[in-house]
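Per-chain residue numbering starts at 1, and chain names A, B, C and D are given in the order in which the chains are listed.
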Amino acid sequence: MMDNKMIVEGSLENYEDGCAVKGVKFLGRLPYYRGLGLSMVEDIQVAIDGQQVPREDVRFQVRGKTYTLDEMETVYDDRWNFGEKATIIALKDGGFGEGTHTVEFGVRMRVSYLPFVPTTKDTKELALAA
Amino acid sequence: MMDNKMIVEGSLENYEDGCAVKGVKFLGRLPYYRGLGLSMVEDIQVAIDGQQVPREDVRFQVRGKTYTLDEMETVYDDRWNFGEKATIIALKDGGFGEGTHTVEFGVRMRVSYLPFVPTTKDTKELALAA
Amino acid sequence: MTMAIKRGVSLYSYQNETFQGKMDLEDCIRTSAELGANGIEIIGEQTFWGWPEVGVEDEAIENWHSLIQKYDCTPVSHDFMLDYKRYKGRMMPHDEQVASVKRDIDFGARLGMKFIRALVSIDPQVLVDAAPYAEEKDIKILVEVHAPLHFDHPWIVRHAEAYEKSGSDALGFLPDMGMFLHAFPPVWKEKFLRMGVRQDIADYIEKAYEDRVLSEYVILNVREMGGEGPAIGMAETMRHNAAFEPKRMLDYMPRIHNIHGKFYQMNEDYVEPSIPYDEIVSVLKQGGYDGYICSEYEGNRWVEDAMEPDSVEQVRRQQVMLARLLGETETPALKTAA
Amino acid sequence: MTMAIKRGVSLYSYQNETFQGKMDLEDCIRTSAELGANGIEIIGEQTFWGWPEVGVEDEAIENWHSLIQKYDCTPVSHDFMLDYKRYKGRMMPHDEQVASVKRDIDFGARLGMKFIRALVSIDPQVLVDAAPYAEEKDIKILVEVHAPLHFDHPWIVRHAEAYEKSGSDALGFLPDMGMFLHAFPPVWKEKFLRMGVRQDIADYIEKAYEDRVLSEYVILNVREMGGEGPAIGMAETMRHNAAFEPKRMLDYMPRIHNIHGKFYQMNEDYVEPSIPYDEIVSVLKQGGYDGYICSEYEGNRWVEDAMEPDSVEQVRRQQVMLARLLGETETPALKTAA
């Protein structure tokens, strides 16, 4: 559900540290009818132009707090709220280049009452905001 | 069911045409609690000492009638009865040699009320009757 | 109150022995009669070679009747199969299915049966169309309600609606007690252990069954425990079996005319550890059931890899249990040495 | 006879709009109230950011109560989740689950709810242990009976037995009408067609559903027709949905306190083509049900790939249907332009 609303249109920007480009970031929403505690967001998969971003180079940012995917596994006091636009960061020194990119965004959720662990994906062409 | 009773112990013999050895034969039973019309015996798999016998070299013989596996597909007036010892023939010019052989015998049955098409197998070491 | 519920045996129970020629038809009938189980049910295609493709000689039918008479038994049901997948790649046409059922009605009549048992996957319209012929032959066609189906499953409800609409009394139900599987059968667990399932996984599945956990959760949990192959197979049995409630038979009792006393094992204390026969018999009494309960031993396939099944002893034990539950004064026993 | 059954809406129905910020809490409550559906049900973790891990400020609770008052509505149920898999690789301990339920009881009380909805996979003992606390707070915990479960499924029977044994009136059931899926929903079929399922396979599955064919047979037949991927997925929906009978609610009516009016689509003729609401409402009347039926629109996930769902229009149509079935004189209508 909400597959095609995971990636927020027009939200792709360079991720800068000072004035050095350290990757890209975009706004992403959890494809689920309720929010979920961060410890149950098992994986966030990002690929830029078909290139899978390694797990350790993905960051998840909400309300000023930034987490690695491994850190999230034991976060029991924060959550990804329903419809909340989190900032998803894909680190790569020098960034991914100018212009339009194909962004693939997948989220795997451990939902207690489901007899399977679903991964939901969205893919969009996003122009890098100048 | 009846997996370990499919191959009849001590029934392995050379299959001769005149006095030329044309393969081997043994007695085999259908692993099922009832008999089955021959059109529903989808496959009879025989391997001798690990060597799969080609489908076209397998013969099925009951009450004096001999069928190829393909012929059985449209036989609607005969059946492999419950517990009936059919003669299973594996053709091979010159036979499979003397002594003890590993006989693998599998039967695939199209059973109308089952939501799958089972194959049941039996493997036995049989000494070639002199 | 005359003892309404009678005891019988489906010769299916002796399949391990008859398959190997260790028992013949007379052995089966005599053994059942000695146990006071005079109702005889058969799988037609098991007991009579040739049926249906080749046909059965009169001589075999006469032998059947002479044995029935000799041991003072009662023919109860010819369980027929109707192979609607007889033709590879195409379904047997409706009219041909109806004709096939009529041939099984004739065969049941030749054998003096009251009922013929249809398998649950048959299209109800086939049975409705065959019902008038069954009435002519004074035979009832009973659909076997068998796990995973149960009396509240839409497929069974559809059959029940079709029978009511047909207005025929020749259509009914034959519930198989395996539908009320209240515990994971120990002989199943032991076989899966022999097939290599880890002890902790087998214990988890047995407990999950006792807790009535939905099959889909059990299958996921077993995978997460590292279970594969036979372990997944053991969990998947829960898709095809569940602990439905015997009292759900009461709504359908007027159309229930025979009972399959399915059992996987009878322990030395005359108890079937996974099927609540005390509850079952009390529900049948409450519903005024006055037919047969026919032993249907199916444990052989679960133990034959490890030991030679003793079907006669298993049937004896179930008949002792049934006699006790039915309030009979005498304890069933075999005359001759087992 | 005073109109016992009342109409409500679970704000779950507006998830497509609230997810995108097209509707806020006031829009949801106002829209429902205009339709005469004054019972408001929520998924706590959908409507209130922060719940439960971060917590919810009093301000948000006060806003809720002001809106409830402003539109003369009644808080009905806080549907809670209890994530017993919160810790990766290990199950949340029993006592911690009970404590978690108590926190949701408190949250439900803060919101003025009568009920909190537990998901069906919860261990019944957790609810039994939380029941005394619920009684203190004058709240009932209702387990949602949701497809593939139904009132005759052993898991639900186990819950029912645990509630009777506990002697507590604070434990009950909340049946989801999706349990009575009497036809394959057209929006499901259309989505599977868009996913590439062959027309003949999709038609076969729809017809097999109508014929109540057992899921395992349908899955095999679809494979034999060359079906893969989404075609198998379409067939496998039959493992999780079936046409169970609304009248099976009658045995449990004393413990049924809320109803999820699940629906996948309402056509222009105010009919839900796959769920028999006429039968459902008559059974509820027959059982003397006097609670709410809360619209629970779940069609968005089946159409959103092809069009922007219009949840408000779908809810409006269902409320018109419900009002008609409940014998109300006025037809629900939106005051402002939709």
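Points to keep in mind about this one:
In this section, a residue touches a chain if its C-beta (ideal position, glycine included) is under 8 Å from a C-beta of that chain, and two chains touch if they have at least 3 such contacts.
Everything numeric in this text was worked out from a predicted model, so none of it was measured.
Think of each touching pair as a link: the shortest run of links from chain B to chain D has 1 of them. Chain pairs A-D and A-C differ in how many C-beta pairs they share in contact, with the greater number at A-D. Computed from the mean C-alpha positions, the centre of chain B lies at a distance of 30 Å from the centre of chain C.
Centres computed as Cα averages put chain A at a distance of 56 Å from chain C. Averaging Cα coordinates per chain places chain C and chain D 39 Å apart.
Contact with two or more other chains is made by residues 121, 214, 216-217 of chain C. Screening every pair of chains for touch gives A-C, A-D, B-C, B-D, C-D. Those residues of chain C lying in contact with chain A across their complex are 214, 216-217, 219-220.
Those residues of chain D whose C-beta lies close enough to touch chain A in the complex are 12, 15, 18-21, 43, 45-47, 49-50, 53-54, 81-88, 119-121, 300-301, 304-305. Interface residues of chain A facing chain C in the complex, by the touch rule stated above, are 115-116. Residues 121, 123, 148-150, 152-155, 157-158, 211-214, 216-217, 239-240, 242-245, 248 of chain D are the ones that touch chain C when the two sit in their complex. Of all residues in chain B, only 1-5, 29, 33-40, 42, 73, 76-79, 81-84, 110-113 touch chain C in the complex they form.
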